[in-house]
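Take a look at the structures listed below.
Look at the two complexes coming up: chain A is in both, with chain B in one and chain C in the other.
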Partner chain A sequence: MTRYLSIFLTFARACLVRDMTFRANFVLECVTSLGWMAMNLAFYLLVFTFTPEIGLGTGWTKEPFFAFVATGMIINSIVQALFMPSAEELTEMVRTGGLDGILVQPLDAQFLLSMHRVDFSAFANGLVGVGLLAWAIPRLPQPPHPVAILLYPLLIACGVAILYSLVIMLAAATIHLGRNQSLYDFWFYLTNFSRYPAEIYSGPWGGPLRALCTFVIPILLVVNVPARVIAQPLTEQGGMMVAGTVFAAGAALVISRWVFQAALSKYRSASS
Partner chain B sequence: MTSAASHSPPSGFLARRLQGLRVWWTMLVICLEERLVYRGDFVLGTLMRFLPIVTQVFLWTAVFGATSTGSIAGYSRNDIVAYYLLTMVSRAFSSMPGLASGIARSIRDGSIKKYLVQPVDYVGYLLAARIAHKLVYYAVATLPFAGVFLFCREYFPPIPDWTTLGAFALSLVLSFLLGFFMEATLGMLGFWFLEVSSIVFAYMLVQYMLSGHMFPLDMLRGIPTGVAGVSVADVVRFLPFEYTAYFPAAVWLGKVQGAELVRSLLVEAAWVGVMIVACRIAWWRGTRRYSAFGG
Partner chain C sequence: MHNSSQPRTDAPSAAGEPVIEVRGLAKEYRVFDKPEGLMASVTGLFNRKSRVVEALRGVDLRVEKGEFVAMLGPNGAGKTTFLKLLSGIITPTRGSATVLGSVPWERTDDFRRRFALVMGQRNQLWWDLPAAESFRLHKEIYRIDTPRFERTRDELVDLLDVRKLLLRPVRDLSLGERMKLELVAALLHEPEVLFLDEPTIGLDVVAQHSLHRFLAHVQAERQMTVILTTHYMKDVAALCKRLVVVTEGRILYDGSLEQIVDRFTSHKIVTLDLDAPPDRAAIDRLGFPCEIRGPQVILRIDRTRIADVLPGILRGQGVRDVSVEDVPLEEIVAEMFRSGSTAGTDGATGAPR
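Up next, the complex of A and B:
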């Protein structure tokens, strides 16, 4: 474990040196990334000019909803910084045969393939998320319970674990498809479901969709549970959701590991 | 002698035109075949594009559920759903994934030089490739589109008259050309800046918001700019972006009619003309300052 941590830190250091070599590009990437966040925040502000809350009686009024958005920004920035750049490279490695070089290394292939590149500019969104959360929390109708503050980092980690598992499974699909240029799109579209409170998925179609995205692909647990814990009063049902999220994160990691290993066993080199 | 004669350039205007068409057709067929090689990735990518609209439908249903009003910026809940579905059709024509970054990459890695020494027009080649891409996309996406539209038919107003349908079709064709030439021009900035990914991303952001892809632009009517009597919507109307998503959807929904419809179509055509000229100038100026890299 210490060895892997040391190797990861070496990767991270190399990526930071690379980013700092092209400082202007790094700053530009941070700015464009923040631009995307600003655009989304502008959209939510526009929505709140038409409505006092997202869904009648859901409690997702402006400030709690912005705490929700901030939570999503923090989780997504961690995943985008630590895992997405490596997963995107995998898609090209499979097609060109570059994966061969990874598989002969005396290290775990999943670790190497999913964590060898770090995009430091993606942390900019996370920092904005922290700032937005700091703005929203004092304005919440009820201040967060001390237990909620303790649970929040754990649930953030669970959300990251669920998204990481999803990224790994989508990357594994590359091995079957031969090319998966749309990996980032897939991830974006799937995680799109987690960007809004689960309560919006109601009615004859929303109910089953909510169940699917909670129990089968637990994408709705990623942001909803930590955001609910910090932005809304703790309830007994909330406690069950916390336990369910911790379980879902563990199960997602195990299943994604199995899927990835199974996909690797099907890999046929594309190089000469 | 016979061989030399068969390879000599065709004489006469008609023969040269036919030769040009044959080259263009060959490029189209090659691009179609290239698209169909990785069809698994392509089909999956096409189907996934329907997912964001699902969240938008639920989001706006929740917004309407929490308000006492039945209309937001002139849109009922059904109008909003229909609008988002129609913008998907608009984007199916106007979006050009990978076009600008592909041009910039071929400038950077030097592969663009093969188009400089061959009797092939690079912009024409890109246009053929994009039409091929779109044809495969429509072949794959028509069925899911038809299914989704049939499923959501209750959200739509009655089918418009033939004139509106014609205007809608024309607006889509123009949106394809506008999207293509805007992105191609952007990619040709690679002649001046070797790395344009950040510029492309910034363009994508602006385009996403100001095209009406994110929300109906009519919602910006109430947002002041600071200048008396001028809303953000008024400013956005002066830009070409709305023609790549909002405008075709607004035509179908009857939000733009009569003289306003004709004027908007003319403005859209003018923007296409402006972008064609801009693209040609960028290519002409760019190739004159270009230095090839790579073997």
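Up next, the complex of A and C:
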């Protein structure tokens, strides 16, 4: 474990050195990303000029909702920084045969393939998320319970694990397909469901969609559960959701590992 | 499918445990044929036609510790597929292989720490960073302790005279410089087996020569087992005593470099430099296949008759200079490729004539 951490830090260091080599690109990526976040926040502020709450009786008033948005920003920035660059590169590595060089190295291939690139500019959103959370928490209708404060980092980790599993399974599809340039788009469409409170999925269409995105592809648990724990009072139902999220994260990691290993065994390499 | 024809073999007989042992190794790929034209492409969305390509057709090979084996073959012969199988990158359709006692495609860390693969057409160093950064990463991945890492790195870097390149981004280096640094990276963990896939491809003569000297030195010093795939006869002549000729996924010849000439050619090339262009009819009367280039005559004479025939030729033609040479290796191997290909198509034996 220490060795893997040491190797990851070496990767991270190399990526930072590379990012610093292309400073202008690094700054531009940060600015673009922060600009997109600012536009989103402005949009939500605009929404709250028309309504005091997202869905009556849901508890998602302005400050809790911004805690929700902040939680989403933190989780997404971790995934975008640590896993997405490597997953995106995998599609090119499969097409060009660059994956060969990874498979001969004496390390877990999934670790190498999912963590060898770190996009430091993506952490900018996470920092904004932390700032937004720090602004929202003192303004919540009820201060978070101490247990909630302890559970929050665990649930953030579970959210990251669920998203990571999805990324790695989509990346595994690349090995079968030989080319999967829509990976990022597909991931964006999937994770789009996680960006809003689960309560908005109701009615004849919303209900089944909510069930699908909770029990089959547990994307709705990613942000909703940690955000609810920190921004709303703890309830028995909330406790069930916490347990469900921990279970879902573990199951997602196991399943994605199996899918990835099965895909690697079918790798046929590219002609040289 | 096992290779029905037995390759001509002069390979060294087995003494101890082989480092590499391959039996009936075969690899098939299913490929889809893409029809031409828009309508055919649309139809192809629903009904794709596929066929099986046999990249390797049951190869047997045994390599002892410290051997430097060249694998020669035309494009698509199966050389790179063979190295990918031995490196564990892909899994075979049939057959078995062990490298250093391990099954390569089980991809155990212990096995992967003991070999290295260098591919001339693939870049394994970090493109935007200096090679020194890739070496540092290599040190961590292969768990090389610092004193050993520094000693090996310095030794390799000095041998290839690339110290001044270590801090330059890899993307700014020439192909030859990059290949030298790829080799340094591959050898940092002191592998027992080295697979080289066309390492000199695209390199100029100076860079090729430099790599030859380096590889010969390191292999001899470390007693490393090396398999080299190449298209260049110069690589083979400079580095290897044993040659494996492959075409269409089969081994056509496995033996020493010297014996390939004896076995596969019946004649020598005699070149005569004359005072003046000769009379064609007089040359034809000698009864040997010949080529005339101005005052130069090139004869192909049966090697068993050279001693009898040559004195007579030298007496009668006003010869200024003469040379007697073996048929160039390129020519022999090209003929083997051709006969192997024909044999493959006809379904007859793959052995060359």
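Here, the second predicted complex is superposed on the first by the 272 of 272 C-alpha atoms of A that agree within 3 Å, B and C clash if a C-alpha of one lies under 4 Å from a C-alpha of the other, contacts with A are read in each partner's own complex, and residues count from 1 in each chain.
Just so it is clear, contacts are C-beta pairs under 8 Å (C-beta built on N, C-alpha and C of every residue); 3 or more make two chains touch, one makes a residue touch a chain.
Only a predicted model underlies this, so the values are computations on that prediction, with no experimental measurement involved.
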{"item": "Partner chain(s) touched by A:Leu127 [first = chain B, second = chain C, both, neither]", "value": "neither"}
{"item": "Which of chain B and chain C A:Leu154 touches, first, second, both or neither", "value": "neither"}
{"item": "Partner chain(s) touched by A:Leu41 [first = chain B, second = chain C, both, neither]", "value": "neither"}
{"item": "Per-residue contact with chain A, leading partner among chain C and chain B", "value": "B"}
{"item": "First (chain B), second (chain C), both or neither touched by A:Leu234", "value": "neither"}
{"item": "Which superposed partner A:Leu56 touches (first chain B, second chain C, both, neither)", "value": "first"}
{"item": "Which of chain B and chain C A:Ala12 touches, first, second, both or neither", "value": "neither"}
{"item": "Touched partner set for A:Glu29, first chain B, second chain C, both or neither", "value": "first"}
{"item": "Chain A residues within the chain B interface of the complex", "value": "25, 28-29, 31-32, 35-36, 39, 42-43, 46-47, 49-56, 58, 176-182, 185-186, 189-190, 192-193, 195-196, 199-203, 206, 209"}
{"item": "Contact set on chain A toward chain C in their complex", "value": "3, 6-7, 10-11, 14, 17-18, 21-22, 97-98, 100-101, 103-107, 109, 265, 267-269, 271-272"}
{"item": "In the complex with chain A, residue positions of chain B that touch it", "value": "38, 40-41, 44-45, 48-49, 51-52, 54-55, 58-59, 61-63, 65-67, 72-73, 195, 198, 201-202, 205, 208-209, 214-215, 219-220, 222-223"}
{"item": "Touch list for chain C against partner chain A, complex", "value": "29, 80, 84, 87-91, 107, 109-110, 112-113, 115-117, 119, 121-122, 124, 126, 128-129, 133, 136-137, 140-143, 169, 197-198"}
